[in-house]
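Two complexes are shown next, each including chain A; its partner changes from chain B in the first to chain C in the second.
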Partner chain A sequence: MTKSIGTDMVFARSNDVVAREIDGMLIIVPLTAGVGDMEDDLFSMNETGTAIWNMIDGKKTIKEIISGLKEEFIAGQGEITKDVTGIVEELLKRRMIVEAASS
Partner chain B sequence: MNGDTYVIKKNLSGILPHAQLDIELTERCNNSCIHCSINLPAGDKISSSRELDTDGWKNILRQAADLGFMTVRITGGEPLLRHDFSELYIFARLLGLKVLLFTNARLITSQIADMLADTPPLEYIEVSVYGMKKESYEAVTGVPGSYAGFRNGIQSLLDRKIPFVVKGALLPPNKNETREFKEWAATIPWMEGTPPVCSMFFDLRVRRDSALRNSIIYKLRVSPDEAIMILTEHPESYRREMAEFFDRFASPSNDRLFTCGIGPACVDAYGTLQPCMALRLPDLTYDLKKGSLKEALTSVFPRMREMRAENPLYLERCARCFLKPMCDQCPAKSWSEHGTLDTPVEYFCKIAHSQALFLGLIKKGEEAWMVRDSEERIKDYLQKSR
Partner chain C sequence: MKRLHPDYKRPAIIKNGISIPGTAMIEIMQEVLSRGMSFRFRAGGFSMAPFIRDGDIISVSPLSSIPPGIGDVVAFLHPETKLLCIHRVLYRNNGALMIQGDNLPGNPDGMIPGEAIIGHVTRVERSGRSIKLGLGPERIFLAILSRTGLLEVMRRCAVPFYGYFRRRRALCEKS
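On to the complex of A and B.
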């Protein structure tokens, strides 16, 4: 069941993956067993995903990430919120981030 | 903002500037295989004392990750002989590097296997297999008890479902076990039914360190006739595969030495970067203890790509030979056989000619470099093979 993402929640990058930047491209490399569908998969993110990933630091709340993205992207609050919760759900499912705390 | 799928599975082949770096942790091995081109005794103190230390390897791994390398192939010798193997393995994985491990599996203890299961290498481990029975295996490795160690290592991998593939070496003690080896390999899930690769054209000692060992290796190599029998066990698929190969790689021969493009670059056990795992001519290596991986890759290696052959015999034969795509001749083989970069290696020349004769590319007794209508012959061969 998908976890409901609250705007006060804080997420951190998981120790189950290593993030690398190669030639300007974000590459997520699984570190521990079971991340992703196949153990030899590498992952990247689209532009939106990369921007959100870069703001997930174990300190910022979802609300703060949304607000930070509003300054970076020309998009409405609803669209940004949908993207942020969408990627957070996906990253949680893939064990690439963990819940750090709720403020 | 955009997109419904934010996380994308990424196939990086052909995208990255540097795909793979080979690192040879040690030249020492716990086996003493008769055909090996590099192995030194496990207890070789001189070699051991010269080997790069843990910090030295970490420095190189860090540089590799910074330069964008995605995979390190850890090989040897037997890399698991290093006391710091686990530390270096985890260090590489924490840098986000994938690890391709070459091993004989004898030192895959339950602790090592647990580590490989918990922190997967993300590449199939490649296990060298020297025989299906104790007698044949140990006749090749020269080490009593080595067969049991190999079997235990394999079992540890299987028990934990750690992906691995096997490869063999066709040698007199195991020549009669080919079928058994293939049948056993087919039971390994990650082989996916593909027959194991079996080496039979053994390289001479890559450090040119033993004429005696070289004389033994010469005798272990299959003859061109034997090679054809083995390679063409399934003649139609062999013809098809070779046609695909020619279609992809056939190009006019010339005097350029490194038609391979050089690489993957290899760091030897002592911290010296060489153009590939097989080429150790001192003039073409770079001491990483005194410089950086970046410097070697950006300013030293590219110059090698422009090197041209000068040996008249090479220019008369190899530089004009249309069989080059199927011939093992290269600067590394020339170096290990003759101590130069551009001397034709007769053995590989004969193997290539035998294959060409079978495929109808040349007639009996014909020398491929004398053929004037090679383009028409290749075209004709490709048409018939489709």
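On to the complex of A and C.
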């Protein structure tokens, strides 16, 4: 079941991933069953995704992430809100992030 | 003032076709191993052939409290080149290890300090199969053969049979 994402929710990066931004490229390796699998389980994100990932810090609410993204990119509020909640849902589904708290 | 990106693209997670530089891979491997977990990746090169071949998938595990021993295949950062190497321990001396690739006769990596070793190879996969030869108890024998140069002699002797065994395996896979 997919959890609905509220704009007051706060998310943090999961301890079960290793993520590194090297030369502007975000690399995420989930740690599954005691293995960091770079052969079959390697992920990256595009520029917008990377900007969102960097703001998921266990402190910022979804609302703040949306505002932060609006400061970086030229796009409508509605589009950004939909995209941020969408990617957060996907990251949650892949267990790359966890819910930290609701403010 | 912050510059706005005019080309807003929908955020996306990318899964396929990611090519990362070797330095990034080393960084990630070290992080994974420091958390006590294994690191699985595709090996490149021929220095450990025929036991590890180009394109094999290998798993590197963190070092246990027991330091690597003779015959173990270890992952280390070469102190001079800073490149990641996966080679076999030939012998130990005062905490340092003499390491050499199985397919690099007479060309050892030299005495590598223990702190340069980041993990040891615990699994090799080829075409979806686990390859055990070279990592079991025979590894000690292989280290001795490698040290004396006999591994290269045996490898040369075995070359004519490679085709035969390959054809035989292909037949077995078909049937």
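Here is the rule we go by: the second predicted complex is superposed on the first by the 95 of 103 C-alpha atoms of A that agree within 3 Å, B and C clash if a C-alpha of one lies under 4 Å from a C-alpha of the other, contacts with A are read in each partner's own complex, and residues count from 1 in each chain.
Keep in mind that, in the parts below, contacts are C-beta pairs under 8 Å (C-beta built on N, C-alpha and C of every residue); 3 or more make two chains touch, one makes a residue touch a chain.
Quantities reported herein were computed from a predicted structural model and do not represent experimental measurements.
In the superposed model, A:Arg13 lies in contact with neither chain B nor chain C. Residue contacts after overlaying the shared chain place A:Pro30 against chain B, while chain C stays out of touching range. Within the superposed three-chain model, A:Glu71 lies in touch with chain C and out of touch with chain B [touch as defined at top]. In the three-chain superposition model, chain A touches both chain B and chain C at residues 18, 20, 22-23, 25, 27, 29, 31, 36, 39-40, 42-49, 52, 73, 75, 79, 83, 86-87, 90-91, 94. Across the complex, chain A is touched by residues 1-12, 15-17, 65, 68, 70, 93-98, 117-120, 122-124, 163 of chain B. Put simply, chain A touches chain C in their complex at residues 18, 20, 22-23, 25, 27, 29, 31, 34-40, 42-49, 51-52, 71-75, 79, 83-84, 86-87, 90-91, 94. On the chain C side of its complex with chain A, the touching residues are 2, 4-6, 8-15, 18, 20-21, 23-25, 27-29, 31-32, 35-42, 57, 59.
Taken in their complex, chain A has these residues touching chain B: 18-20, 22-23, 25, 27-33, 36, 39-49, 52, 69, 73, 75, 79-80, 82-83, 86-87, 90-91, 94, 96.
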